[in-house]
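The following pair of complexes shares a single chain, subunit A, combined with subunit B in the former and subunit C in the latter.
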Partner chain A sequence: MTPSLREVVAKYRWTFSGMVAWALQRVTGVLLLFYLFLHVHTISKLSQGPAAFNEAIATFSSPFFKCLEIGLLGVVVLHASNGIRITLLDLGLGGGRQRQLFWTLTVGLGLAVFLAGAIPMFLFAVLGAG
Partner chain B sequence: MSWNALEWYFQRVTGGLLLVLLSAHFWVEHFMTAPLRRGDLTFETIASRISNPTWQAIDIGFLVVALVHGLSGLRNIILDWGRLGPRTLRAVNVGLAIIGVIWAWVGIRAFSRL
Partner chain C sequence: MALDERMTVLDALIRVQREADGSIGFRCSCRVGMCGTCAAHVNRIPRLLCSTLVKTLDSDVVTVEPLPHYPVIKDLAVSLAPFFAQWRRARPAFRPTRADAPTLAVIGKDSTFRQLTATKRDCITCGACYAACSITGMNARYLGPAAINKALLRILDPRDAAGADRRKVLDHSDGVWRCHTQFNCTAVCPRHIDLTDSIVRLKRALVRPGKALTV
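Entry: the complex of A and B
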């Protein structure tokens, strides 16, 4: 019998969440390293004086880039919350609950912290409130 | 302790440091003052903070920790690819170290004329 979608999701959730977390950590890590490269490139323009720097940074003041910045926060938080999970497991503090930790810590805590940063960023920087 | 075990340990230590440093960085650059909350980051706002040597030290240290963590993580990904010969491994290590030094230099030089 073909398993229902619900069964597939349940099986996937409890069997492969560790592999998903592993892949996630690598993909987000590479994205962050790439961002750091661009970030240092932009910041290095500080040494060319106010005019050159303000011109370079003005590119990123559009709502589109503000939204990308919120996305960046998401990638950072995901990498960090999953990193906390990995470190806890490495220290033997996971209590044998590796898969539960993926959902509570990586996804749950990650989402909470992301929203705590993303909502004010959206209100202030994108919509221009305050 | 083998070199790889040390690298594993260092990845956790730098990860913990980045958790603190990056949280502070996020607050300082996005929320600390009203113009920053609106996303108005200018040369003047950065220069007034960065002219303080303590901030320079924090930011340079932050960059170095981030580069060590990031390039070390990239090295882990390369090692996961498969078994590398000693010469390839050496080339990877030397290559990443050179990239790290140049990257850090470009970042540190940003403060050279403030």
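Entry: the complex of A and C
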């Protein structure tokens, strides 16, 4: 029998939050890998001269890509904040509180840092305020 | 089926067996959570049937399935052969430093070893950690949390002489390094042993061989 959404959330919100953190780290890691390929591809345009590089960069100045940049910030912050959590646990500094670390450090601090960067990016880069 | 207020999942299964279907197969023994015989998947979480009150599941339907990562013998009864194959690889038996000692070595209740391992010794080999671990599901050669925790206890024991042999098994791609720190084993352990912590401590000890292993 398929479990209800409420049961799944209850199971993974706390009991298996370590598994959720692991899955998020893998997903964000793969996304960052894709981004790195795109980044290297864009930088490689420099070898074809300033015009080719400027053309490639111009592609990313559309509002769509600015929104993707905000997403990229979220992926980087999530990967980094969970990476700090894993490092603390590997160093034995978690004190048996990996779930609390996930919700406070990975999610809480990660969300705060993301919003601190995403709101100005949205206002200035996407809406063109100021 | 009518449920009583303090009914466990095991009680419910026994009632089903007596009143509805006598052919249902499952295992149980002590009924007080100390033998580790009755572990099964209850609402997709490995638990001891005898220690899980139905009312605490907060679910209208209780789904009971055999533990994953084990061959099923019948209905809910699984073979723990994969679990104990890895358990043996970790060399769980005590190997004394002085086999010819005239008296038994005593580990006093106030000894450092006892203090350090107080939260690590209660494994009842129920196999729930092995079932919850996603790595054992993907790689049958992985030692698994319980075997690694047992090896840690032996390595920490000042009377034991087989630490070097155990370190060889642990310091391997199918040993502690296969653990991805998902904490599933710790989440389901009915004895509340922080198994992931044991694995992480062994990882640190293996990369710092000169340092004393502590818990």
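In the analysis below, the second predicted complex is superposed on the first by the 119 of 130 C-alpha atoms of A that agree within 3 Å, B and C clash if a C-alpha of one lies under 4 Å from a C-alpha of the other, contacts with A are read in each partner's own complex, and residues count from 1 in each chain.
We take it that a residue touches a chain if its C-beta (ideal position, glycine included) is under 8 Å from a C-beta of that chain, and two chains touch if they have at least 3 such contacts.
All of these numbers come straight from a predicted model, not from anything done at the bench.
Touch criterion not met for A:Ile119: it reaches neither subunit B nor subunit C. Using the contact criterion defined above for the overlaid structures, shared-chain residue A:Ile43 touches subunit B, although it does not reach subunit C.
Of the two partners, subunit B and subunit C, it is B that touches more residues of subunit A. When the shared chain is aligned, subunit C comes close enough to touch A:Met19, but subunit B does not. Using the contact criterion defined above for the overlaid structures, shared-chain residue A:Leu73 touches subunit B, although it does not reach subunit C. In the superposition on chain A, A:Glu7 makes contact with subunit C only, not with subunit B. Of the two partner chains placed by superposition, only subunit C is touched by A:Leu89; subunit B is not.
Touching of subunit A by both subunit B and subunit C, each in its own complex, is seen for residues 90. By the touch criterion stated above, subunit A contacts subunit B in their complex at residues 26, 29-30, 32-33, 36-37, 40-41, 43-50, 53-54, 57, 61, 66, 69, 73, 76, 80, 83-84, 87, 90, 117, 120-121, 124-125, 128, 130. Residues of subunit B touching subunit A in their complex: 12, 15-16, 18-19, 22, 26, 30-31, 34, 37-44, 46-47, 50, 63, 66-67, 70-71, 73-74, 77, 80, 103, 106-107, 109-114. Put simply, subunit C touches subunit A in their complex at residues 43-45, 58-59, 61, 63, 134, 180-184, 186-188, 194, 196-197, 200-201, 203-204.
Residues 1, 3, 7, 10-11, 15-19, 22, 86, 89-92, 96, 98-99 of subunit A are the ones that touch subunit C when the two sit in their complex.
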